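Quick heads-up: structures coming right below.
One chain, chain A, links the two complexes that follow: it is found with chain B in the first and with chain C in the second.
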Partner chain A sequence: MHRYIFKRLLMLIPVLLGVVFIIFFIMDLAPGDPVYMVAGDQATEEELDALREQLGLSGNIFTRYLRYVNNMLHGDFGTSFVTKRDVFKTYMERLPNTIRLASLAMIIAIVVSIPLGIIAAVHQNSLKDTASMVLSLLGLSMPNFWLGLLLILVFSLRLGWLPSGGYTGFRSIILPALTVASGLAALLTRTTRSSMLDVIRQDYLRTARSKGVTERKVINKHALCNALIPIITVFGIQFSNVLGGSALAETVFSWPGVGRLVVDAINQRDIPTVTGALVMTTMLVSIVNLAVDIVYAYVDPRIKAQYTK
Partner chain B sequence: MTAEKIDITSTELVSKKYRKRSAFVAIWNRLKKNKGAVLGLVILVLVTLLAIFAPVIYNYESDVIEQNVMNRLKPPSAEHWCGTDDLGRDILARIVFGARYSLAIGVVSVIISLIFGVTLGAAAGYVGGAFEDVIMRITDIFSSIPSILMAIAIVSALGKSTFNLMVAVGVSSTPTFVRVARAAVLSVRGEEYVESARAIGMRDWKIILVHILPNCVSQIIVQATLRVAQAIIASAGLSFLGLGVPAPAPEWGSMLSAGRAYIRNSSYLTIFPGLAIMITVLSLNLIGDGLRDAIDPKLKR
Partner chain C sequence: MSDNNYIFDIEGLNVRYETEDGTVYAVNGLDLKLGYKKTLGLVGETGAGKTTTALAMLRLVPSPPGVVECAKLEICGQDIRSLSAQELEEVRGKDISMIFQDPMTALNPVFRVVDQIAESLEIHEHLSHHDAQEKAKELLEMVGISRSRANEFAHQFSGGMKQRVVIAIALACNPKLIIADEPTTALDVTIQAQVLDLMKDLKEKHDTSMIMITHDLGIVAEVCDEVAVMYTGRIVEQGTLEDIFERTMHPYTEGLFNSLPNIADRQAMLKPIRGLMPDPTEQPKGCPFAPRCDYAGRECESEHPALRSVTDTHKVACSAYDRQPDFLLERRKAR
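Let's look at the complex of A and B:
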């Protein structure tokens, strides 16, 4: 098992190096010399050169990439062109807000979707099944930022129950979390349903029933536990979409998280902040995906067996 | 001897023709029975017709672009079914013209990702070995960056334009097609007809094009339909952030973004463009789900 974790950690290194290079390459395509943004129009050629050296903008893309990776390994993600603050520090200040939003959204999605998916599978082709499938199809088809706007319209402006934006304690997190949760809940409902349907006809369920195990226990214990693996897989893959999708939700609700940090930085052409935030977000996604993989290696002995051979 | 030979070929031709047709007809017959898929098809055809005939129904200059301050923020009425926006333009006219943008962006971006994704994925699956490893690791790298953030970065680097939006959304959904195409190719690579094609000295690229891809096409079509739906949502999202189609073009996402400021008193500015996105995406999702069940009835429950 330790060998498996170690192997996966080693495999993460080239992926992350590649991610940094791709982001670096994309940001390099941006027109204009960023040094003017910092220096202004009045600077002389010597001043510009000195500044380029200082900001790490001299040299070709490969030298800059290597320098960036080197700095990154020392925890230095550069300094914002706009606020002149350390990118790493700014990101870390914003990250807890996004984590809070993403975790509440994921909890809401799980609490709603797993029971809904189970009910749909147990009562296949009934009205309950159709209703939950229609609901999840609508959830998948709705742009989450539009849902966010509708929630603001109903719960903040018409009913006045919840704040429409900003970060002012727990009440302000509910609407953004529902917004981020919608797509994930829809997808998880469908996954739970189809995964349960796969399991529900297996012989061991019939055996359990004929032993006299109650129907409730058969579903919750025997069926759900075996149906969980595909659900965890989808959940892990979707973490990346939750973080990405929260960029839109954070914009709608003026939520001070990392998604909005990226969007704002892009509008201000603040390249170090964009690069740093994208790199760190991707690192986070990769680490969470690795953690999910390790979790199922523990949950499912069949997966572990593939790696211990 | 000769007669026998001709005989075999002609039976083969007949059976091949028959089989090809019957597979298509069988899929279509199953699809027809799926109420959701039929509903989706009807909606999609309607939206497409509206997009095509938009210039017949409305005048782009006078209805969609021209500002009319006297008419601003009028609620829905017999004259303006969805009301007018903050610059006095008819919202329904803008939504109808917006369908052209959303459908075009959705389809073209998926075509971009299909071209790159299927080529790379099919080549990786067919060639195998180190080549496959390299392609798949690069795909892993691309797919570990959250796709909407990557699209945002690409648009901001290339500059705001409709084509760049298509490229950004296309590139960010390419990894899906690399994976689907590779998996599809791997599933048929070992089949006898591929081996015999190789044995008679057929070129590799020709084997992929003539023998392998036609057998994987159904899975790719299903994925493509569902990806068009996601591409429409993604491009609306980018436009909503101000990174999509430049104003004054009537893109649904940018209409939502413009309507946001008036949500308190003129909520129709926010409601209708969003409904348009949802209905279009819903139709594609219904068709995609229906196609998947029709192509592989074993999966259907």
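Let's look at the complex of A and C:
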């Protein structure tokens, strides 16, 4: 198991190198020369060249890539073109906000979706099932920013209960978290339901019932533990998505998170910030994925057996 | 609590599965009872309703699509039909337990084997977690699995070992009645013998009554006191082991015997029962076995034979004996 984790951590290195290259490549393809953003319209050709040299924009894509990777290995993610601040520092300032939002949204999603999915599966084709499926379809198909605007309209403007944006303590996190959670909960409900339906007719549940296990325990212990793998998979994907920043929700609620940092940086062609933020996000996503794979092993002993092979 | 002479007493059991493609009549008006400490062999082809009968006794028929109707269902002196969900949970695993057919799927893949055995001990004997684990390990040893493997999972066990775990689960609380649903079908022959011996030993040690569901008449001869032959959800013949093996009366039972390979006469051709079981979504008007029966007359197509007693112990559902009191099957004539 430890060897497996070590192997997976080693595999992070080529992944990160690849990601940095892809970001470089895409930013290179984007039209417009970022140096103008910094120098302004009035700069002469000589000034531009000097600035390029200074900003590390000179040379072809490979030299720039190697230079960047070298700096990155020394812990230097560069300085923002726009704010002139250290990218890593800026990212780390934003990250706690995103983690707060992501965690609360995931907690809400789990608390809602797993019971709902179980109920839907246990009462398959009943009214409860249909209701929860309609609800989750609604959650899936409702655009995030629109739900966010609706929530602001009702809870901030009409009722005045909660702030409409910014970060001013716990009250301000509720609306963005609900917005992000709605989509997550919808997908998790559907996953829980279908995974439970697969398990619910299995022979080993009959064995459990024949032992005299209560129906509640049959479902919540014997069935759910077997249905967890797909749920954890979807959970992991969703969690790494929101860790990368829920750009839409963060924009609607002017939430000072990573998602908005990246969106703003892209708009301003702030290449060091975009690259730095995406590399950090890649790292986070990889770590979450690794964590999910490790959790698999504890949930399902058959998977653990594969790891240790 | 009436009749205490029987470990179980079932009258008029009907089970049907109502699916979108039609209703499957799995068990049709089944009467069955068994004395204490006896072993009943429930014999018949696949699809005869044996497993459904067993599940109905524990009220484990999945509903929907299953619909169970029963005039009387008493097990260990309790009216199973009237039990609440909670009372039922107390009976399951304690008074009655079941050994399932397919050990490959009967064990939960994500729980340790020892925990799966200990679970019923914790429920019924109210043992602490530690004591239950200890007792579960003893049970594993009793069924011939080293206690060092107790903390493993089902996928680490062979088929025979899984079946023994399933048996250990069923025996954990010394139930009064064990329903063994083809406990040896999934096993190879050498393991079969071990498992059968094991079950016989345990049964004698704990004075347990047992229903042995099987289509293997060899197993029946070895472990059963009484035999009930099932066909299309009905009992067609029932009696003591001697009644069924020596004084066979129903043509279907004879057919089952004829389908057995004869090791003494290896040149002899097997005589399978011709035809197939009728479609279980249709309820035949006459004797359900008539289309496959070598002795069937025209009357058999129209009238439904009732199960009637021939002697104190022997019952048969065949109208040939009504029409012709001295009717004898070929198998009996040969003797």
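The definition used in the following text is that the second predicted complex is superposed on the first by the 294 of 309 C-alpha atoms of A that agree within 3 Å, B and C clash if a C-alpha of one lies under 4 Å from a C-alpha of the other, contacts with A are read in each partner's own complex, and residues count from 1 in each chain.
In this text, a contact is a pair of C-beta atoms (placed from the backbone, for glycine too) under 8 Å apart; a residue touches a chain by one contact, two chains touch by 3 or more.
Bear in mind the structure is a predicted one, so any value in this text is a computation, not a measurement.
In the superposition on chain A, A:300 contacts chain C only, with no contact to chain B.
With both structures placed on the common chain, the touch criterion links A:212 to chain C but leaves chain B unconnected. Contacts of A:29 after superposition: chain B is touched, whereas chain C is not reached. Once the two complexes are laid over each other on the shared chain, residue contacts for A:274 go to chain B alone; chain C is not touched.
After overlaying the two complexes on the shared chain, residue contacts for A:203 are found with chain C alone; chain B is out of touch.
Of the two partners chain B and chain C, more residues of chain A are touched by B. Those residues of chain A whose C-beta lies close enough to touch chain B in the complex are 14-15, 18-19, 22-23, 26-31, 124, 137-138, 140-143, 145-146, 149-150, 152-153, 157, 194, 197, 240-241, 243-245, 247-248, 251-252, 259, 262-263, 266-267, 269, 274, 278, 281-282, 285-286, 289.
Listing the residues of chain A that touch chain C in their complex gives 201-204, 206-215, 222, 225-226, 299-302, 305. Considering their complex, residues 137-138, 140-142, 144-150, 152-154, 156-159, 229, 233, 236-237, 240-243, 253, 256, 260, 263-264, 267, 270-271, 274, 277-278, 281-282, 285-286, 289, 301 of chain B touch chain A. Listed in rising order, the residues of chain C touching chain A in the complex are 55, 58, 60, 62, 85-86, 89-94, 97-98, 100, 102, 105-111, 116, 119-120, 123-124, 153, 155-156, 166, 169-170, 172.
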